[in-house]
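Across the two complexes that follow, chain A remains constant while its partner is chain B and subsequently chain C.
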Partner chain A sequence: MMTQATEAKETGLYLEAYEQLRQRTASEVPSWLDRLRAEALEKFSELGFPAPTLEEWRYTNVAPIAKARFVPSWTVDGAEEAGRRWADRVYEEARSSVLVFVNGRFRSDLSSLAALPREAVVLGLADALRSEHQKMIGERLARGAAFDRQHFAALNTAFIADGAFVYLPRGVRVEAPIQLLFISDSGPVMSFPRVLVVAERESEATLIERYVGAADQPYFTDAVVEIYIDENAHLEHYKVQEEGVQGFHVATTWVELKRAARYHSTTVTLGAQLARHNIAAILTEEGGECRVDGLYMVDTGQHADTHSLIEHRAPRCTSFQLYKGILDGRSRGVFNGRIYVHREAQQTDAYQTNRNLMLSNEARVDTKPQLEIFADDVKCSHGATVGQLEEEELFYLRTRGLSFEKARNLLTYGFAEEVVEKIAVDSIREQLNEVILNRLHATALDVR
Partner chain B sequence: MSTNIELLANREYKYGFVTEIEYEDFPRGLNEEIIRLLSERKGEPDWMLEFRLKAYRHWVTMREPRHWPNITYPEIDFQSIVYYSAPKQRPKKKSLDEVDPELLRTFEKLGIPLHEQKLLAGVAVDAVFDSVSVATTYKEKLKKMGIIFCSMSEAIREYPDLVRKYLGSVVPPNDNFYAALNSAVFSDGSFCYIPKGVRCPMELSTYFRINNAESGQFERTLIVAEEGAYVSYLEGCTAPMYDRNQLHAAVVELVALDDAEIKYSTVQNWYAGDEEGRGGIYNFVTKRGKCLGRNSKISWTQVETGSAITWKYPSVILMGDNSIGEFYSVALTNHRQQADTGTKMIHIGRNTRSTIVSKGIAAGKSSNSYRGLVKILPKAENARNFTQCDSMLIGSECSANTFPYIEVMNNSSRAEHEATTSRISEEQLFYLQQRGLSQEDAVSLIINGFCKEVFRELPMEFAVEAQRLLGIKLEGSVG
Partner chain C sequence: MLEIRNLHATIDDQEILRGIDLKVSAGEVHAIMGPNGSGKSTLAKVLAGHPAYEVTEGEIIYEGKNLLEMDPDERAREGVFMAFQYPVEVPGVSNAQLLRLAYNEKRKHQGLEELDPLEFKELLAERAKLVDMDLSFMSRSVNEGFSGGEKKRNEILQMAVLEPKLAILDETDSGLDIDALRIVADGVNKLRRPDNAIILVTHYQRILNYIIPDYVHVLYRGRIVRSGGKELALELEEKGYDWIKSEAGVTASA
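Let's turn to the complex of A and B:
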């Protein structure tokens, strides 16, 4: 009884905020969106926050999110200054192809789309909802990220107000990477960015999501990204999560691939005290190919959780997954990777690897790679390891005159390189190399 | 191709027959009265009754775990089960000649001629027919070495101190739903005690046999190996054909002290139900070993081919420094069988090591899941784990799943997990057939190669039996 009462209180904050949002935006949004949000809210109030007794949440306790008193973005000031403060987080390659969001709201004054071809549609979601693309958005939005089962997708859906809309008509190729920069820096704010990407046949683009925020206090980002990739289209996707160390970051990425579509993604997790990323790639037609990579690097006080699902629904698709974790201090890493091969998906090739490097004796890793296979003519494998730096390798570098920290960082760099080297955007690669090589502090000096 | 496989897979259950023996009736259902009655009927001391009642009271508060296993089955009505069945008691038998000839014939059909085995095989058999031990051989010989090998009921009477010390010490009565149920109502089982420094000269074995159509069987096995002792224990199962699902919720506890080693091997071939999945045994078993002492070792080897549902995770708690846990498993499912099986290796002591090798073979419309936990606690410095799970799919209507859980809490340990899923390649089959092997033999050969790493761990007699069993089980499923 007690828990029910407290749970009711925990969602109560969101019910209140929802009513406010509705009053503020009811006249501006299409009626279908109003209905969708209401439905999602109802679902969320039914589901509540996930309990650690649920199999999907056994290693991640979201009670700190449920208990915190976040405030909606419209009640905070200082968005303008916050936007300027973090303006340097735009990657060099995306200087003229960037959408900036502060506390989940699109800021056209800080954004620039000069480098994009005329045919490509890249808009703030609120603007797109008022444009001729409204119908397309209505058909696609919330069709993938199932809010009937996923607590945080439901919460995000209830609060859809802004975000990004990227539409690549047939054959359109965008050279410059499209960056979405999400800034949270205005007190204990909660934001619900929503991104919809529709890549039509033979189109090509690179999408970068980057999340940054203040380090001095907790805040909450609950993002949902839905991506549709049509026949022969190709999307390169990077997600760089550098939230403040007290921030909470929950993100859902859902991708649908059609015939011979290609999707390559790399998710980099560096920030937040509690981060959870659900990524699902659904291969619905023959010949699709996806590569879902990730690197998480956390230190004391951080918890990074990745749940991936690669669903093979059609024959002759391939999927590769490589997730690497570097854990220092009193941190915790969670990886749960699932490959699901349907009966129809004969001749599937699916690979998944999760490797974890424990730099500290107080770190903890929970990894759970899963295979669920219903077709017999398949090649599927997965592997997971948890280990540490080789003492011999460390020793060798030290005999060459490197300090312990240098040696350690160099070996860590080597460990991460397998993921980093595949990143095609130079600035991201350089940023990561920098982060790994220059980590000064070393909590675990206990080399035996 | 598929028709041949089907032919292979559909061979009837060889051991499907019913022995007609009078049964001592016991009311259906479960409550404290039933437990008192059961305990009284077995002439148990008060502490045993208390143990049962405590377990029962806890069980009442527990719920059946339904949400996490990858299996489906209809609701079990625990109140419609007969919790105790024993062949009509006669005065204690002094030799095999006094045993009901009907019973002995049953064992013969199963291929364990007791009187011959006594001398020939060098295997002591504690045959459990339904719930009460019928005959125990080789007891005298073992007794001279100080080894105790007897039924659990007898152990409770004769060696209460030992039983009291270790019973429930590895699987506490409140451990899980089925362990609690077992603790409350277990009817019989085996008890085995190897004293300090003794190496058990023969493989100890029990043939379990479920025979009463409506009685769930709740076995309780306890094996204790003192300092420096060694024992290899074999468990094999067959059961007759019945249309009603039979519940089997056994508990097996192993305790290994300093430098002791226990090797526990199982070949399980209970009735799996017919092709449509009707009938068959529900095998919900809790098996766990505790490496209590330094340098101790516990090794589980299992070949699981029967049961409608197999749901078990033979585990090792590695408490002593330098202790070793091993798990070798072949799980084969066909028709509509479901298996959710694997192991748990809990590393607590320093320099502990564990190895897991699991081979899953799914045919027909079956579902075969590996679920395993490797947990390395903060103090388990330099712990090491290696896990390999391979699955093979035969036919396009079955499924193979792998759910490993790896939890590591210090940075001097290493855990490795690898899993693959594949099928019998047509090239391999073609090659073997081209060399003159029949398709059946070719499949059998490939499967046996696939499982070699596990069979290698089985005692010789079992290895032969297991290979044959796999062949029989797969008859008709490849093509």
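Let's turn to the complex of A and C:
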């Protein structure tokens, strides 16, 4: 009884906000979306926030999110100043191919799409829902990121109002990386970014999601990104999560790959006090290839959890996964990586590695790679390690004149390099190198 | 330049160095020989400041300063360099990056301007010639996947870049092929100056034909049991260590 009452109170805030959202937008959104949101809300009120007794949430307690009193974006002002304050978080390469969002709402005044070819469709989701693409969105939205079992995907779906829509028609290749910059600022705000990417046959693009936010108070981002990659299309995807240190970040990434499609992603987790990322890549037709990499770097007061699923449903697909964690201070990391190979998925190549570097005795990581294989002709491997810096390596660098701190930072840099070097956007790579090398408060190391 | 007095050192409570005295002046080359396990690498690592060894007695004066009070990196910046018997692999850090960082740390210490990547590249290309090392090694991770001989050569490249005052070369000749040995020895000779000194740990007379020592010492069970000129190395090559061991045994029991 008691728990039910608390739960009701926790979800009550969201029910109220949902009613407000409906009143504000009911006339603007298509009726299918109104129904979708209602259905998702119902699901969320039924599911509530995930309890730590659930296997999927064993190591990550979201009670602090449930208990907090976040406010909807429409109750806070100052979006314009916020947008300007964070304008330098647009990567150099994406200066003219960026969509900026403040507290979940698209800001066309802060965005620029000049570098994109006319054939590529890159829109704020609210605008896209009013455009000729509404039908396509209706057919795809919430098909992948199932909200029937996933608490936070359900919550996000109930609040779909804005986000990004990226549509690459057949054969369209976009050179400039498309950046989505999500800014949370000006209050204990909750935002629900929704991103839909449809890459048709033979199209190619790079997508960057970057999340930033104020450090002075808690706020909540619940994002869902759904990506459809058709035959022979290729998407490079980067996610850089640098939420403010008190922020909460929960995100769901769902990717579907068709025949010979390619998907390469690198997820970088630097911010938030609590971060949870569910990422799923589903290889549905022959010859698909995905690389799903990640780097999480956390310090005292931070908790970063990655749950990934790579699902091989068709023959002759390849998946590589390398996740590296750097844990300092009193921090906590969780990696749960599942590879599921269906019986039909013969000649699958699947590799998964999770390595963790513990820079402190007080840090903790729980890592669980899981292989479930139902095909007989496959090459699969997985492994996880948890280790510290090697004393002999430290000593070696120090005998070359590097102070203890610099030697430590350089070795940490070396550890991360395997993930970082694959990043094809220079600014992201440079940013990461700088973050890693300055981490331990040594004077900056310049490793150019 | 360097004076070691009655040096005793232990690792895991095991005494390895048991009273070493050695004096090295600028311009000199000292060869240290001795059977396996006698403490040569231990001495080299104690000089470089390895934290696993504890000095229980004695002192080391380097350029008038107490070396034992200095951190390994401080020693390095002051001009002490050890070429490792087993060079360490550093994944993810390129040779060029480490070399430039190390070089610039030293420059800063000397109050000089740091070199940017382009300037350093020139310097590196020039120093790499000294040990005949292909520039393709510069973008590879430090020692990772290098052959045994390549690792040794890489150590001397680091020496060539850092130009130490006191270089301790721990079995740099082991694992080098005949041509590489000559190249590396030539490189070391080119780095010799009246104001620097070399301690050369080796098992083989051969390298001493190229890098001619002023003194040869025999280390046995943690002590220098015999010192002489370069002819001592020839004598050892011919006779082995047995006569020294038995002599040392005699003195020890006497």
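Definition applied: the second predicted complex is superposed on the first by the 439 of 448 C-alpha atoms of A that agree within 3 Å, B and C clash if a C-alpha of one lies under 4 Å from a C-alpha of the other, contacts with A are read in each partner's own complex, and residues count from 1 in each chain.
Keep this in mind: a residue touches a chain if its C-beta (ideal position, glycine included) is under 8 Å from a C-beta of that chain, and two chains touch if they have at least 3 such contacts.
Note that this is a predicted model, so its numbers are computed, not measured.
J.: Look at where chain B and chain C land on chain A after superposing the complexes, then choose clash or fit.
T.: fit
J.: Which holds for A:Arg398: it touches chain B only (first), chain C only (second), both, or neither?
T.: After superposing on A, A:Arg398 lies in contact with chain C but is clear of chain B.
J.: After the superposition on A, what does A:Val365 contact: first (chain B), second (chain C), both or neither?
T.: After superposing on A, A:Val365 lies in contact with chain B but is clear of chain C.
J.: Look at A:Thr75 in the shared chain and tell me whether it touches chain B only, chain C only, both, or neither; answer first, second, both or neither.
T.: It touches nothing on chain B or chain C.
J.: Which partner chains sit in contact with A:Gln20 here, chain B, chain C, both or neither? Use first/second/both/neither.
T.: It touches nothing on chain B or chain C.
J.: For A:Ser381, select first, second, both or neither according to whether it touches chain B, chain C, the two together, or no partner.
T.: Touch partner of A:Ser381: chain B, not chain C.
J.: So in the superposed three-chain picture, is A:Ser108 touching just chain B, just chain C, both, or none of them (first/second/both/neither)?
T.: Neither partner.
J.: Using only C-alpha atoms, work out how near chain B sits to chain C after the chain A superposition, in angstrom.
T.: When the complexes share the chain A frame, the smallest chain B-chain C C-alpha distance is 16 Å.
J.: Across the two complexes, what residues of chain A are contacted by chain B and by chain C?
T.: 448
J.: Note which residues of chain A are touching chain C in the complex, please.
T.: Those residues of chain A that touch chain C are 390-393, 395-404, 406-407, 410-411, 413-418, 445-448.
J.: If you look only at chain B, which of its residues touch chain A in the complex?
T.: Against chain A, the touching part of chain B is residues 67-68, 376, 378, 391, 393-423.
J.: In the complex of these two chains, what residues of chain A are touching chain B?
T.: Residue positions touching the partner: 55, 343, 346, 356, 358-388, 444, 448.
J.: Show me the residue ranges of chain C that touch chain A in the complex, using the header's touch definition.
T.: 48-52, 71-73, 75-77, 81-82, 84, 87-93, 97-98, 101-102, 104-106, 109, 114, 116-117, 141, 158, 162
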